[in-house]
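Both of the next two complexes hold chain A, though its partner changes from chain B to chain C.
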Partner chain A sequence: MGEIGAMKSTVSAGVADNALLRISDLSLAYATPGGAFNEVVRGVDLTLRRGEVLGLVGESGCGKSTTALAAMGYRSPGVRVLGGQVWLGGTDLMSLPLAELRTIWGRKAAFVSQQANLALNPSLRIGQQIADPLRRHMGLRGAALLRRQIELLRRVEIPDPERAIRRYPFEFSGGQQQRIAIAVALSCEPELLILDEPTTGLDATTQAHISVLLGGLVREKGVSVIYVSHDLALLHSIADRIAVMYAGQIVEVGTARAVVTAALHPYTRALMLAAPSLERPGMVSGIPGRPPSSTVKDACAFADRCSQVRDACISADVPLTVSDGGHVVRCLQANERSAAASLLRPLSPAIAGEPVLAVRGLVCTHRNASAPTIRHIDLDLRRGETLGIVGESGSGKSTLLRAIAGLLPPTAGSIEFRGETLAATVSGRPRAQRGELQMVFQNPDSSLNPRHTVRAILSRPLRLFREGLGRSGETAEIERLLDAVQLPRLVLDRRPSELSGGQKQRIAIARAFAARPAVLLCDEITSALDVSVQASILELLGELAAQRGVATIFVSHDLAVVRMLASRTMVMRHGVVLESGPTAELFSAPRHDYTRTLLAAVHDLPRCEVPTQ
Partner chain B sequence: MSVNYLQGSDAIAPGRVRTPGLWRTLAASGGGRIGLGLAAAMVAVIALGPSMAPYSPTQIGLGLPNDPPSSAFLFGTDELGRDILSRFLFGGRSVVLMPLAAVTLAMLVGGGLGVLGAYVQVRPGLEWLDRLISSLFDLALALPPLLLALVLIAGFGTSPLVMILAVAVIFAPRTGRILRGAAQAVVTSDYVAAAQARGESVLYILVRELLPNIAATVIAEFTLRMTWAVIFVAALSFLGLGAQPPSSDWGLMVAQARSFITVSPLGVAAPALGIAVLSVSLNLIADALARYLDPASGKPGVSL
Partner chain C sequence: MTAKKITEFLAHLRGAPGQRVVLSRLGFALATLLLMSLITFAATSIAPEDVARNALGREVTQGQVELFIHDKGLDRPFAVRYAEWLAGAATGDFGVSAVTGRDVRADVMPRLGNTVVLALLALVIGVPLSLGVAVYMALRMGGWQDVSLLAGTTVLTALPEFVTGMGLVLLFGVTLGWLPIDSTALLFGSAFDNLSAYVLPVTTMVLVTAPYTIRIARSSICESLASAHTRAAILNGLSRRRILWAYAVLPAATPIINTLALNLVYLISGVVVIENVFNFPGIGRRLVEAITTGDTYTVQAVALLMGAMFIIINLAADLMAAYVNPRLRAR
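Up next is the complex of A and B:
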């Protein structure tokens, strides 16, 4: 523990004068149904300076949100403080009673959550929701209150604020709702602002808009921010310093530039290799395994996934060590970078040949909708090729996939498969065609029946599309499929709820390949997954499709993922194709303004960060 | 690819973690335990009662009319000198079996139509069927239940079959609505879309994909509907529309013995208590099932 103490004094020496918040040795645990405590945050030390933006990054379940909430003294129900303090100014928030915390929340420390639609009360006018903290903490009334409400809404760029204060949350878009939530949080000019993934789930351009707005507000008001995100690239562009969390511990802290360009911890480096990037096109590589669900004692928590693991890593707690510039890391091998060569692989080449799938003038109108969801879509898909479709929510990209899959009958146009016109709905298509067109859905929680075992899930397409396999043939084929998606046979009798998100998506992919498809339709298949899991799923999909010569349509809102996988790309907006062409060309020289806007909205990691030594 | 993706904590442990099942959850709450206990007692009375009854339930003049309890007649006798204990032990059967048959029928027909209606909302080309089914339900729900039963029984007589059909007709649209709502929450799941894309039949999707996912609702609805049916059937018998003399149906027993409640209180109390215990036990079980369904209390399958 001596070394941690030494680190603390070193870190605090430079910042003691202007530190707003100091978290010291904080440990938190969740109560489990059995009555035991599951430690989720372990010995966290963090200092937030005045006017600083501190990024807190990590994968789901690493304790970053729990830590961020604790930074304002909040503990979710069931959370118990095992030790440590949170000093805001001169008070320890962990020891304050609720009544006193409530005078701080909203006034000195404010919070913006990931889901604005849940943060705003759906049955209160937004004016009232902004007025509540102003009345309570600032004592504003009447004309002064109204002036402040309108000023705040104007500041977060809500159009027509005089009228907007009388509207309800549902009358605003997702991005506007999040901006209103930000206005509520900033209403009493807090010193500390906690942002918990405030732009996750929003479209890229909306995300960029909110990030820019937040950046401006933060500089203008001099507020100190803890910005929680899973997106290292976003934090690189927005934060002054970045803290990386893994299994409830801080594993690396440094300036945003230092963490991204000279990452010391193997986990931070692996995270960057897993993130698809526009700047360095090539296959990403996943991090094997998955993070532990609670903290790890007497060993490095990352040891079981680390390629540089040594005996010393698994025999004792690894202390934080400080290197030059206050860059802090919790790793024994921090200065011995992995000698592994770059894992980037070349992209799939563009393929010429006869189209296996041809869509002509496709129009789809949803029931009860006045305007068509997609209009006059043309596309060709050649054997073995990957076509990327990018667009924001509501662009009609998922509708297009569902129409091709026969789940949504088009109102006009035709779909040809190997030269034959496909029936509008699946029930009109012959069995062979149904087997050759397979779809993988966005969320495996929804696409795998929770009541079926993995065996039942995989055997059904075999029975339908691979007749004559027989009982033993079926078992052998299921085992081959599991091998192909790198899952052990143990999963056969499990239900989806017993598997992790990545494992579930592997099962969904195996189910699609069970039918021996010629065309695979992938609808945002990695958007529900963490970046390290996404990387291994993308790798897997790329390999399987290439091995079996399957043509893939890959729909995504993530341009970097499409850049990596697709040989050709189509950009959709409001149901029409704005631009399409070879991926490399389209990304390097976009012709349409909207494509440029999309590309500009992407936060990217700088080129120099790839650890290739 | 040489990387093993199943290292560390992503590895799948050979031992399985079982989530507590239906029975465990039921037995975990006090109400559920009491409900199960009472229900077991009632089932014993109904199943074994007739073989344990000391006398025939319908034989008149076994003792003096309205005799108080004695060693020969533990519950006393009714106004015709019949043994109340024997009548009680025989009379539970119709009170349980008729609602059971009626509710099963209502669930099969009404519930089946409801789930079908929910499903065809997402089946291209069949959307009209849901509107038709919903309209049928609305139409049936507009008729007052007791009046509907009266009309059916007046028209077709008072046989047990007519009773069962009448209760089933009344309950079918109500059950149908509940199950349609439950199914609506799952029909938009992508596993239903995936099954459609494979070209599965409507029946396969209803039975294999949807039903297992609304099973908990089905069970809870069945239990709750049973409590209402028990009371409804007893009420019909009490009104003289159900079981006919000399049957020992509990509802009919209450109706006939109520004039003599001051001289022979057990003649009313025994069957009334039987009906009460039966519906309370079913209600307690339904409550415990509802907690089992409540996601806030930790739904099964939420994982380790």
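Up next is the complex of A and C:
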């Protein structure tokens, strides 16, 4: 944490203007198939000072990535610039021809996108990919080029850089791929670095490592950074200033401390309440509704999701107002903080009933693997309780779930369900047992059949596991399930591709509950979702499991999520359990060093600063 | 000692995934070839009497048939005949044709040469053409050039090769009279005659195969152009040419190579039709002649050669796909 904090420069909000990048009155639109334009970014003004780290935060679809790309002067295909300029030094990037932008991109301004596994060319050795900008912009060749390639890889802590330059991207882990992408971006020492969610999708420890690395690099090179993220806690520890975006508009800008400790916009406060936190255990609350898909005119865009909405909010555009310390906000009620009670509800203590699942000495070895993925795991699960399993990628936590689900036959050990030994594979288990052990997967895009309607998806488990419901019983049950996961009836005839990520995951949860499970296995079910969506899914899961007395195993790399949901927690690494115990104890007094390392890697919003009023 | 050597060799292979892929594909290709030879031989000469009657024609007595069977050793067990034939085939000896009385190898090899030249010409012209057109279309995706070329390729894909071939014959051979409608000249003509004899068959083959390659390559390159790694290359300020070939086309190469292999494989069977349309003295026409005259040995030889070509092309495509796609190499 200390190292990351050092990423912040000494620039403070009041210092005289020495802007490197100035985005002024930028409006962007996507062309729709009908030929009309759908405005997604509206009148954005942002200034990035030299040596500063500016955080840009908001939910998916609020225009932050589009803005970040536009800050490079890049017009994504289908995007039309409705107005505004992007000044880098003395040039307006928006009016530069492509030929001139090519001399700036990679040289003066560099971009690191999310999902490094897609951003690296799968068919080129990574040495080539680092060499390309160096050859192009710096004219490096031969030994000098090789020296620089190796130096860059060493700087981003890729082991054995001399050999690494001859490898292909797929031979590296996700975290290493992102380090390589950072090395490519920094190769020509740019003044401006734009990071678009560079650590999203990586596990907490890898995220922390990369943040530390970035912090060091930024300090060392004096580069100015726009850091796009949906994680306020992360930005709080990394950024000098934070800008909050909603529906294509900037709704709040201020120093990182001011935005987090004295958030003025209800949206910023809602984002904070949606983020699970180690410091304030309690159920998070999602933000009801979804952000609009385009900008909103003549009203506050957040009005329909805001608890403080007044008539004035929906009758005219809300202007940005500046308060003390240069803290800027776009809200009419900013100074009348709501007296709304804290939305944090204490978790109802889980009452653990009779034992349902017992795993003894479980060992799993993947095909062609030299060592077992999990080694001698024991666990017990009681009715109504939630067991959290945390660990980095590769710790074996998903393998354990798959073995329990019968998707991966174990090499040794036993799994008992209500005192009966379960068959190794799901096909060997009687139908009733299959219904009672249900699993929800990480990615609903691949776990829901894209050709089936929601109705078909939900009726299948009912027919398989709840025979005798009849046609009308089935319809009634499907409707009950939809109500339980808080989705409207009209999704019934839609296919997964027509639903949002959060809606799809709700369907996956409803499908699991349709079978009336006794044990629910959840594998990173919220890691692909936005914080606000994650919050509502977690709320939902907590309620459903408690109501129905379902025992849940919840696997996640997000410690704060596990802290919130689980009554007991297991910490795994390299296929073994390092520590397990009641969640509150384990988090407040970790006994294993590794648990302490994991906890230290978590970015958290400070305790005293939660806007509960 | 030997066991130790084998383990060492296997360990060496484990360390060299590329070589392992090459060896496993090679082994697989050989096994396929062997199986195919068995099927070919079984299908053509499992019944000795059919072989004899095919060779002798209809008006023969039972005695003549039996004499033929005995003379040619067809009364021996199938396994023995197969082994003998296979041993011969492995050294290029397919026996003497009972119909033409000539050595099958000497008869078939020049024809094979003509066909190989035909297919290679189609490949050398067709591949760069397809790739160029595909890149052109991908760069103008959704534009009128792309849409009209897409429509054109759809029409060409839908036409069978004999229709395309006949159309070209009518246009260039009959109406315009620029090119020979018959490629027999290849057997005895001058250098110029030789060249012009190739033009129409090669054009037909390119027109029949290129549209499909173009469509696959176009969509694969379009996808690659819209990918995150191409955007990253653009945002690194790389040159247009570098972005296009190294970041858009190279990662799109695997499906294109697989399509090319399918096309070539198709060409081998399509060659039978095309050669007959143009009377082109290649292996495909020889196959049809041999079937009509009941020349079992020649049919066996040609079928085996065509099958071997199938397998070699697939092997080459697999190895090339592994070469451009590092992930396949690692498996």
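Observations, loosely collected:
Operating definition for what follows: the second predicted complex is superposed on the first by the 571 of 613 C-alpha atoms of A that agree within 3 Å, B and C clash if a C-alpha of one lies under 4 Å from a C-alpha of the other, contacts with A are read in each partner's own complex, and residues count from 1 in each chain.
Heads up, the rule we're going with is that a residue touches a chain if its C-beta (ideal position, glycine included) is under 8 Å from a C-beta of that chain, and two chains touch if they have at least 3 such contacts.
Just so it is clear, the model here is predicted, and its values are computed rather than measured.
Using the contact criterion defined above for the overlaid structures, shared-chain residue A:P133 touches chain C, although it does not reach chain B.
After overlaying the two complexes on the shared chain, residue contacts for A:R418 are found with neither chain B nor chain C.
With both complexes superposed, B is the one of chain B and chain C in contact with more chain A residues.
After overlaying the two complexes on the shared chain, residue contacts for A:R305 are found with chain B alone; chain C is out of touch.
By the document's definition of touching, of the two partners only chain B reaches A:E543; chain C does not. Once the two complexes are laid over each other on the shared chain, residue contacts for A:H574 go to neither chain B nor chain C.
Once the two complexes are laid over each other on the shared chain, residue contacts for A:R50 go to neither chain B nor chain C. Touched by chain B in one complex and by chain C in the other is not one residue of chain A.
Residues of chain A that touch chain B in their complex: 33, 286, 288-293, 304-305, 367, 402, 405-409, 424-427, 429, 431, 434, 437-439, 441-443, 446-452, 460-461, 464-465, 486-488, 490-491, 493-495, 497-500, 502-503, 511, 515, 536, 539-540, 543. By the touch rule above, chain A contacts chain C in their complex via residues 72, 74, 77, 101-107, 110-111, 113, 115, 118-124, 128, 132-133, 136-137, 168, 170-171, 181, 184-185. Chain contact summary for the complex, chain C toward chain A: residues 226-229, 231-239, 242, 246-247, 250-251, 253, 324-327, 330. Put simply, chain B touches chain A in their complex at residues 1, 3-12, 14, 16-17, 19, 124-125, 127, 189-191, 193-194, 196-200, 209, 212-213, 215, 298, 301-304.
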